[in-house]
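Heads up, there are several structures right after this.
Note that chain A is present in both complexes that follow, paired respectively with chain B and with chain C.
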Partner chain A sequence: MNELRRQSPALSLLLIVVVSGAIFSGSRSTLDTSILIAIFSLMALSVGISFGQAGMMSLGQASFAAIGAYTTSILTTQAGWSPYAGLVAAVLVPPLIAYPLARLLVRLSHLALALATLFLGEIVMIVLNNGGDLTGGYLGIGGIPPISLATTPLAFHFLAWGCVVVTVVLYSNLKSSAAGRALNTLRQDPLRAQADGDDGPHRLSATFAFSAGLCGLAGWLYAHYLTYVAPESLSVSTSISVLLMVIVGGSRYVLGPVVGAALLTVLNDHLPAEVLGLLYGLALVIVLVVAPRGVMGVAAQLLGRFRPHPRRPVEDSLSDRPTHELEIAP
Partner chain B sequence: MRELLEYAVQGALLGVTYGLVALPIGLIYSSFRVIDAGVGSYAALAGIVALSVGGIAGIAAGLAIGAALATLVALIYQLLVRREMAEPVIVVTATFAVGMAVDSLILWRYGTDPFVKQTFDSAWSIADVSINPQSIVNLLIGLVLVALTAGGLFHTSTGRQVRASADNVLGALLAGIPVVRIQYMMFAFEGLLAAVAGVLLVYTTGLDFTSGLHLTLIAFGAAILFGLRGPLQCFLGGLAIGVVEALVAGYGSGGLVSALPFVFVLVILVASPRIAEAGRP
Partner chain C sequence: MSLHVRGARVKFGGVVALDGVDLSLDPGQVLALVGPNGSGKSTLFNSVTGFVPLANGTVTVDGTDLTRLRPDQRMRRGIARTFQTPRIDEEVRVLTAVMCGDLGSAQSSLAHSLLGLPSVRRKETATRAKALDLLEAFGLRDVADRPMGELPLGKIRMVDVVRAMASDPKYLLLDEPAAGLSETEQDLLLAGIRRVASSGVGVLLVEHNFQLVKGIADRLVVLQKGEIVAEGAPDAVAADERVIEAYLGASVEDIGLDSAPAPTKDAEVLFSCEEFDVSYGKAQICHDVALTVKRGALTALLGPNGAGKSSLLAALAGIRLDHRRWDGEATLHGKRIDDLSAAARTQAGLAFVPESRGNIFPDLTVAENLELGLRRASTDERQETEALIDEIFPALEPLSGAKAGLLSGGEQQMVAIAIALASRPSVLIMDEPSQGLAPAVLKVLVDAFSKLQARGLAILLAEQNQAFAGSVALDYYVLARGRIVAHGHASELHDRREEIAAAYL
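Showing the complex of A and B:
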């Protein structure tokens, strides 16, 4: 029963994915939007894990997605690898870069860490823009082969959302595992974690590397769905947008990043490009000031009002709280 | 040797513009231990408004817009403080959001064209080094602003109140210092400094809707070079980054050299973890 409750976010998401796939199977544009939401959800979940769970705010997640996307693009178009071999490389290369980097960065304050990842994103952009024939420079790389298992938009919808559901399952497991509790302790009280003998730098770096791997997966999906990737596709502004998705959705809820990604990608589709930044910026400020727990936090608060209060069993009363609070409760 | 001198001088004069944007970043960090990541965008909007309106009225409008935007950020900061959400990393996120909104406003209202105007028809030649007279104007104005800011911060009673508020808000409140008013005042002054930088930039290298984030990043690099210690250090940091950039661009080759200022800043951040340590749990 507890296992079922723990996986309720993944099960709810799976139901929505199957139903929406059945309803919109004939609508190419809706499936396009849905696939983009899934790709951004993966990036947002990576921020949710590193920021929501471990307290490390990264403003360079899109650069890890770009590294994953370029890795698979170069290997499949220039070295003749299959997209599946490209997947392995796209998921492994970002963590291989992220882990040693994180060992240096996790010593920094949260503010310095956020700014360092932002600078990292700028450096990756410049390298991609000036990578010559290897990266295609400003023009990027085209002609990336599609994935043979998902040649139709509907199949890609299920593939991309399947990756998101698996990630949500892993995230839910992480939150309720000993490793998740250790991360929470590192977030709330690093001195206590150190006193407990926890290897904080390794644990934080491994979490950062895992989130980079997730971004690599998002980059792989992006490159093989659009069959084209350029430096501007996954730039620093994408990193900031992904952070915005997480904050709007609710960084401390498992599904918060997915909800944020869905809301902002739909907005992105329906608003003129010139005013997007204006609305994104205003939305972020409003959420930070008015609803710091994001849409999921507001929803949980509203749902809580309709629940009967007296003589509630202890478990039910705890279920209103974000999951991270449940885990650190004695 | 002459080539080296020319690169160094041109770099230092370019660095003046970085230093001018770094100055308000350092001021706000000294005052509240937070980073305002929207400062480059205030400068960009102020400069573009100044040029599009034109004349003294344009400059006044630009300065007013800079001060108004930073005051808006002060209001957001106060709201975050009231909700006990004013962690440095949250404040920097909120200021990024404001910067993003301002950049988008520039794109929406003024389009993608760059805004630039040359105030002098010809360059000066000093010791065989060609110098844009506007750069000398920027340098002089920059030095005056640094002197005013440092003097105000370290040699006036208001400056002492600002520093007292930065060190211990509760203590400052108990001592009768109007902390909130001082915070609004400092943000407005920050916006004014950024706007001056923007107005000078539009008459030097020019500005467009993409300038905001780039200016913030370079200026932050300049500000941390000497440890985010004070206005003079931030300004000198700008000069140093400008010189490094000019030398690398002059003697190096390929577009990859444009990454060097960012690599430089990343190395400093990693090598000196105490920099920007506010918010460390």
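Showing the complex of A and C:
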């Protein structure tokens, strides 16, 4: 029972994925959007864990995804690896860069890590553009083999969303464990966490490495779905969009990043490109001012209004409330 | 089997904060570390817990050397601590906060937690059960599901103690756990500490409040200027002349002052307060204070460090910093001023000289500093005020072009008082002007005070140094733990030294 309650985000997401897969199974363009949302959701979930839970702001998540995407692309097109072997490499290479980077920087202010990941993005961009035959320069790499398990868009929809659901399961596990409490304490007050006996720098770096691995997974899905990858595909601006998705969705909630990814991707598809920048700026301002906890925060608040918290002491709010309202309350 | 500190020495830049201190704490023992501000209590506390590195010396627990370990490693070896200002996340529920105290023993790897392995789940269940047991034992079970931000300060401090206990420490270090607690809350806390000690945990307590410590500690260690000046059973230590001196200051003869103020007859009351409370957020610092200051008189407000003197004076001056709030009546010239802003109170004739000459701009010259105080004055008033300052502090005149920050402490104190005088006050409130000044400078201040009194100024002076206060004041109030505990004519001060010492210690 406890187990089920803990995994309720993953279960509700699974339900939505299956139902929407059945409804949209005939529409290629809707499935395309859905798969893109799943890929962005993975990146956004990585931000949810490293930023929402642990307070580490990263502007390099798309670069980690690019590293994953190029790793699998190079290995499958040039070294003849199977996409599944490419998956292992795509997930493992980004953490190898992320762990030492975080280890060096988490002791400093959060700004230091944000700036370092921004620079990392630029460096990755330069390397990809000038990688010669290995990276294909600004043209990128084409002809990436599809994944044999998911050759149709519908199958890929389930594969990509399956990855998201598994990630949500892992995230929920993390959040309800001592490690999750440690991350929250580290975000709020590193000194406090140290007094609680936690080795903050190591824990933060490991968490950052895990989030980079998730981005690598997103990059792997991206490369093998589109069968093409270029330096501009996953750039710094993608990192910023992903961060925005997390903030709009609600960075502290497990499903916040997924909700944000869905919202912004759909808006992205239906609005002209000229107003997008304006929209992003506006969305950020509105969220920061009106709903700093994002869409999920607003939803939780609305739900809480219909379902009053049973443990909250009644006398706190009794005095200035009209009596008839109390009678209606369940 | 005990916690040992040997030859602890800590330097901050050129300042030696701790100079060769030895300390030992046995399981089940309550050891209190007391001493005036700046005596090195917190430094010692932090060097035991690993938050401040030792320049020399060692810290060992049950024979294991911890000197080179980080705080979290020391914590995992059985040293838990609380913070003077509880560091809390207001949104976190009490139960979760307590469970956070056991992060050290839950050093599970990230992979295990992500996968939700059975071992992690079992540990989680055990941690929760233990946290609930602890909350039950400390009488906090009913608030387990409340967010930390909803609790009063007393409960927050208790939760902080429970959080530290969640890791089953061998030694528990508490940093001023009773600061800002009501007496009921203090009793609860003391009961909690006794329970912890009786379960075999060694407790080290840093505390200002001598009274509180006497009731609970098995042994006292008194620090002054980074060295241990006394050590032993609480009653023996409280009777130690060196300890009394550390708290009250040296006697009059040592300072070399002999002037006694001329007794003032039934002069008019210029300034008074009644039923005056001061608090910061949830912590009430002063309770129900009443005092009066008469025209031409100097009234001394005595009390140990942490009694609430500075908070009271700043509140009387109307300075709202750090969420300071006050409640009660304050009257100047028969008019209520407790609702006025600090600026309006200055206009009404109240001037305030904060602690450590805090009203000086160190980068401005003496003349510029005075100019800031004088900018509202008319030409006549300006001349009059300048003449007054020249008369009272002739030493300032040749220094008018010097940067205030480069002057000696005594000269800076003169500038600080002169700035206050520039607003042409009728009541002058000063917070420890004698702090850190040489006896020769104190004489200058004493002369200045008597000249100001002769001109009809009323002075309220907060002072730790009883001897200095006794030599300048007409009457005195003793503030201890935020309440006025004694009041009388200054001439009695010398005879009541022991009695007042008891209020302090």
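Everything that follows uses one rule, which is that the second predicted complex is superposed on the first by the 307 of 330 C-alpha atoms of A that agree within 3 Å, B and C clash if a C-alpha of one lies under 4 Å from a C-alpha of the other, contacts with A are read in each partner's own complex, and residues count from 1 in each chain.
Here is the rule we go by: a residue touches a chain if its C-beta (ideal position, glycine included) is under 8 Å from a C-beta of that chain, and two chains touch if they have at least 3 such contacts.
As the structure is a computational prediction, the values presented were derived from the model and not from experiment.
Once the two complexes are overlaid on the shared chain, A:V166 sits clear of chain B and of chain C alike. By the touch criterion stated above, A:L139 is placed in contact with neither chain B nor chain C. Of the two partner chains placed by the overlay, only chain C lies in contact with A:F210; chain B stays clear of it. Contacts of A:R181 after superposition on the shared chain: chain C is touched, whereas chain B is not. In the superposition on chain A, contact is made by A:D189 with both chain B and chain C. In the superposition on chain A, no contact is made by A:L149 with either chain B or chain C. Touched residues of chain A, counted separately for chain B and chain C, are more numerous for B. In the superposed pair of complexes, A:V19 makes contact with neither chain B nor chain C. Residues 188-189 of chain A are contacted both by chain B in one complex and by chain C in the other.
Every residue of chain A that touches chain C in the complex is listed here, in rising order: 6, 169-171, 173-174, 176-182, 184-185, 188-189, 191-200, 203, 206-207, 210, 311, 313.
Chain contact summary for the complex, chain A toward chain B: residues 55, 57, 104-105, 107-112, 114-116, 118-120, 122-123, 126-127, 129-130, 187-190, 236-237, 240, 243-244, 247, 274-282, 284-285, 288-289, 292. Across the complex, chain A is touched by residues 49, 51, 70-73, 75-76, 80-81, 83, 87, 89, 92, 96, 99-110, 113-116, 120, 123-124, 127, 145-146, 163-164, 167 of chain C. Taken together, the chain B residues at the contact with chain A in this complex read 35, 76, 79-80, 83, 85, 87-90, 92-94, 96-105, 107-108, 213, 217, 220-221, 254-256, 258-259, 262-263, 265-266, 269-270, 273, 275-281.
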